[in-house]
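Quick notes on the structure that follows.
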Amino acid sequence: MPEQTYLEAIRGGLHEEMSHDPSVYLFGEDVALGGPFGVTAGLAEAFGKNRVVNTPISEGTVMGLAIGAATAGLRPVVEIMFIDFITLAMDQLVNHAAKLHYMSGGQLKIPLTVRVQCGISGTMGAHHSQSLESWLAHVPGLKVVMASNPADAKGLLKAAIRDDNPVVFIEHRGLYWTRGQVPEGEYLVPIGKAVVAREGEDLTIVATAKMLAATLEAAEELSSNGISVEVIDPRTLSPLDVETIVSSVKKTSRLIIVHEAVEKDGIGAEIATQVQQEAFYYLDSPIARVAAPFAPVPASPALEKCFVPGKTEIIRAVRRALNR
Amino acid sequence: MLPKLPRETLLDLCRRMFVIRHFEESLVPLHDKGVFGGHYHLYIGQEATGVPALSCLGGDDYLFTTHRNHGHLLARGADPKKLCAEILGRVDGYNKGKGGSFHTVVPSLGFLHTSAVVAGIIPLATGTAYAAKALKNGRITVCLFGDGALEEGAAPEALNLASLWKLPVLFLCENNGKYGAGRATSAAQSSTMAAFPLTDLPKAYKVPAQQIDGLDSGTVHATISQAVEKIRRGEGPQFVEAQTVRWPGSETNWPSVAQRTDSSLAWDVSGVPEKVREWYRSCDPLLIFIRELVDAKQATKEEIADIERKVKAEIADAVEFAVASPYPKPEEAAKEYFA
Amino acid sequence: MREIAYYEAKFEALNEIMAADPTVHLINGTFLSLSPHRHVYQELANKYRDRVMSPPISELGFCGLATGAAMAGLRPIVDISTGSFIFEGWPQVANEAANAFSMSGGQTRVPVVFHLFHGLRGGGAAQHSASPQAMLWNNPGLEIVLPSSPRDVKGLLKTAVASDNPTIFVDHVQLLDVKGDVPENDSPIPFGLAHVKRKGSDVTVIATSYMVQRCLQVAERLASERISAEVVDPRTLVPFDMATLMTSVEKTGRVVIVDETHQSCGVAAEIAARIVESGFDKLKAPLRRVSTLDVPVSYSPPLEDYIGPREDRIIEAIRAVLR
Amino acid sequence: MVTKRENPTELVPLLRTMWLIRAFEEKVSALYAMREIRGLLHLGIGQEAVAVGTCSLLRTDDYVFGGHRSHGHAIAKGADINRLMAEIAGRATGYCAGKGGSMHIVALDAGFVTATGVVGGTIPLALGAAFAAKEKSKGQVAVVFFGDGAGQAGAFHESLNIASLWRLPVIFVCENNGYAEFTPLSSHTLIERLARHAQTYKIPSNTVDGNDLLEVREAMTKAVQHARTGKGPAFVECLTHRLRGHYEGDPAKYRELSELAEWKEKDPIARFTRELKHRKVVADKDIAAIESEARKLTEQAAQFALASPWPAPGEVASQVTA
């Protein structure tokens, strides 16, 4: 299996799906030039500028255009760049993409993939660093996926493109240059399935995107102190695979949720609520969340660094939960 | 041509242009060395627009700018120390490190909010103009944005409102795309804007609009001072598109300085790397301005070199100050999200 | 005490605010949706012609305009009217208004109020029934207010306008005709103070907005079955009064949260997560939430009725936590 | 105007469709008054000529997008009025199984792709359908109907720009009925004719009397041909008037009675009928028959709708995702 960066895995997934299905089109600012980070580099050369389409800076309309094209038989992939800019397309995404299938009583299908990159990397301040996944997970009719490693990035993206629903595919910019094994060719990660990234006995941690690596590091360090942590990557935030999490909690009796978005009404709140309902009598300690503080993302590197939860915060939360 | 202004004022404009140029050229190595991270955008090549234009404003007026804001702040008299510290994310920065290059705000100079979402400020600028009109405080608002901002729906929405309600706002579109990469020169503004000329957009809303050469400080000053006067008289919004030629250093993904500016380049560009030489020879607004000063006998080459020397020292101090300034305390990250 | 309708209390507040502070401007809409009480607003519009503006259908434009005006010294109240339309103005509300104070390192204040109607209103279907407050709760920098009674709407609206922060004032059409006590010359209600709407001892029912009224009716019904429900209304999501909630939870040990946002990552999820985090040991049974089902809002009346936090679902949840 | 070069035999069906829309909407209004229909209803009575003038020139596989006032557009495009009425009444047999309602009509079998409750919301969507049509190269076009209120929305401008740049086969049909909700256009913009915006973005445009069916047809013929032959977008502004309020129940106090009376004089159905009579294409008895046939069909549609079952509550969670 070849080793690739997360970014290359996404590009590979796009390339394969565009070869596989002529109705897959790519829209976005500068996508034909490769985009700001080179994710789509080479695709315009391979598939033509008809299918890899540069758009004006008109996120709302480009989103609407893609939705319309989806109703008319294409399978568009829209790149919105920074997830912060999804604010500009909220009406089309929330009021239209998410609802057209339902409102039409099932007549319309919206096979749309929205690519965005989120998260903190490189002191870009409050308009280029947010993690807004829980907004989207709150909207019925949207599916929301987040990959934490190159293989999942490819497999989830391919599954997203083939899905007949609007899927928001959230990339973490801070993972773009991380490397990992990526299966070649036809490799799909099913939407709606979590994965146990590390098995353990004493406590369950659910972590998303870039927080997974921090959590695995923490788990490794804790294991040398005799604490065995099970780590779960939900991979899909909506629909959430709560069964995998609940069965882990029934084994470990303790749960911590780690994400980079602010804590308030983040995906952690949803997981906590569902787990307490399903596994209340198994829980030996309160469910804890480790997440960003309730503030816009600051620009200064010093502030930014402590804004993101890391290994230290995770270990502290684990010790508190286990009282040791 | 030079603005019709007293000599002292012209020399002050010259100084401000030097401040912008040397400030921004100093940022590039800082970024390359990793002293600060993140995206940043430079104003180099547009000094002859921002400096004379903003000199037409009153002290109380409001300004809104975008990700490309350093030049506007400095033209308006921002302290290079505090601006540099902000860009470096330090506690002595204008926003105590919370805004950074994208979002530097200096209310005392009229900059209430700086947005990195293209066109995000255009509705906001109509808002301060609305407030000024309601409060009858005589302030006007200047909204500074690039040509790309007009592609966003927020722009026409705001132009319509400003026109409908006769709001005291100057839309100053700095089109740095003239002859730039990937931009056509005559048939259309670009592959992403069908309206051509760009001034058709405001004109549709009955906002008086004109296109000017943004490299010509005299034209900029004359046009903007007239526009400002009309706005102050209560005639409603005005739109000016100032065209400049994109600085070659901004055509790479991250800004790069192939040639550090020195006033001597105004008369001799033979030492400039060939691929960027033409820009410095004929499109560099700072060098054009210097030549005009000397040709008009408003200053000698030596006087100009002296101004430049002082500015360079000031900028070196500013960088030193910013680098030495501590980072904010981590716990500040979760504070001040509410008034 | 004087009893008046919710819409009357709201207009008393607007009238008093407009009279007291000339920097308050009303931008767009009617603040009463399409209800029969719209004429009340007209009186206000006639009285303050220069301060009551009717912009085009440009949510993006006028949400930004109001935000900018707030930065420059006005205190605008924007009526987004139907909550679903906030998505058009979202960039200005969520990216600009919410962040400006923090990004400026505390320099730029944005005293703007965004007013909207949320929730199931009868035939609103999927594009006129949104309850965007849960998403906004995930967005630092916005204060979020949800009144549920005539007295609260008056007191909270005054505080919202006086606040130096951008405030989302989330209203509900079904509340407009609700009657309640509003003393003459009552004072503003501070944010961050939950209110116990009904005392009880067996179960804590935490409810927001119109659901407070529904839960009070449910509590009344259950009282005849000797179930004593305490109904607590947080009134503001940001800031949030955890202490009052926990006092009730400590007393009853059983919690049902009733809220009209969609279930996943909804308002109830966050309240539940907090109680589980800080009050887990006090809970005698798993906490239950009753939210709007995770589907777009349906048009057909029986479908619309079905997806909301219906009375029978609330009762079932209360019985479940009492088992 | 007698100068229009139209074949008389093609004209009678147009009158029939206009009457079908009128009768249908009057029935909807009556059912609303009887509380048999709930929700927020927007009727286009008085604007039938735009819908019929446009859709009569389209193929079934052309894409049509509407707004919140789109019953007429769907009928003109060939939607089944029984299923349409059932949808508006929220019944299981409706086009959208009761999930969409009056503002969210979808009749895919007729090529009516979707309507929207958000002013201007479908304009970008139509662009997308046009993009797909262009790629499929079957000569399909997309048409989007919107009101003058949408002309001040950002999405409208972004859409004109992109349609122009990419030469998309989309026809923007602006039904300028003079009021955005409750406000006259002049309070919303200084621009009198929204076609002006098309000029800004270099899109060919035309402003016509939207209550004159033949004038609408003439402008649309050119616009549709322009788009169908790959020349890019076109814009037609139709000046018209809704004879009802913004929504059913709107007392419409913002409108002078004299204005209403003036527009009633210009009722598109009456005008077209006069024209046909003048050309001796129809006689009084034919006209009466057309009207009564339309009323009969809509009566049947109402009966069908009201006899239809409500959707089962269990359906509420179905069709959230495909």
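Which chain is which? They are A, B, C and D, in the order written, and residues in each are numbered from 1.
Following the convention adopted for this analysis, a residue touches a chain if its C-beta (ideal position, glycine included) is under 8 Å from a C-beta of that chain, and two chains touch if they have at least 3 such contacts.
Predicted model, so just to flag it, every value in this text is computed and none were measured.
J.: If you average the Cα atoms per chain, which one ends up farthest from chain B?
T.: In terms of C-alpha centroids, the chain at the greatest distance from chain B is D.
J.: Mind checking the centre-to-centre distance between chain A and chain C? Centres are C-alpha means, answer in whole Å.
T.: Centres of chain A and chain C (C-alpha means) sit 30 Å apart.
J.: How big is the gap, in whole Å, between where the Cα atoms of chain B centre and where those of chain C centre?
T.: 42
J.: Would you mind pulling out the distance in Å between where the CA atoms of chain B average out and where those of chain D do?
T.: Distance between chain centres: 47 Å.
J.: Round to the nearest whole Å and give the separation of the Cα centres of chain C and chain D.
T.: It comes to 37 Å between the two C-alpha centres.
J.: By residue number and range, which residues of chain A touch two or more other chains?
T.: Residue numbers touching two or more other chains: 55-56, 58, 60-61, 84, 87-88, 91, 95, 102-103, 125-127, 140-141, 294-296, 298-299.
J.: Please list all residues of chain C that touch 2 or more other chains.
T.: Chain C, residues with two or more chain partners: 55-56, 58, 60-61, 84-85, 88, 91, 95, 99, 102-103, 125-127, 140-141, 293-296, 298-299.
J.: Two or more other chains in contact with one residue: find those residues in chain D.
T.: Residue numbers touching two or more other chains: 94, 96, 98-100, 104, 116-118, 121, 152-155, 158, 161, 165, 187-189, 320.
J.: Line, ring, star, complete or other: which describes how these chains touch one another?
T.: Complete.
J.: Touching chain D in the complex: which residues of chain C?
T.: 34, 54-58, 60-61, 84-85, 88, 122-128, 293-296, 298-303, 306-307
J.: In their complex, what parts of chain D are in touch with chain A?
T.: Going by the criterion above, the answer is residues 63, 65, 94-100, 104, 106, 108, 113-114, 116-118, 121-133, 135-136, 142, 154-155, 158-159, 161-162, 165-166, 318-322.
J.: Name, in rising order, each residue of chain B that touches chain C in their complex.
T.: Where chain B meets chain C, its residues are 62, 64, 93-99, 103, 105-107, 112-113, 115, 117, 120-132, 134-135, 139, 141, 153-154, 157-158, 160-161, 164-165, 336-339.
J.: Chain C touches which residues of chain A in the complex?
T.: 84, 87-88, 90-91, 94-95, 98-99, 102-103, 125-127, 132, 134-135, 137-141, 238, 240, 261-262, 264-270, 272-273, 276-277, 280-281, 283, 285-289, 294-296, 298-299
J.: In the complex formed with chain D, which residues of chain B make contact?
T.: 151-157, 160, 163-164, 191-196, 200-201, 204-206
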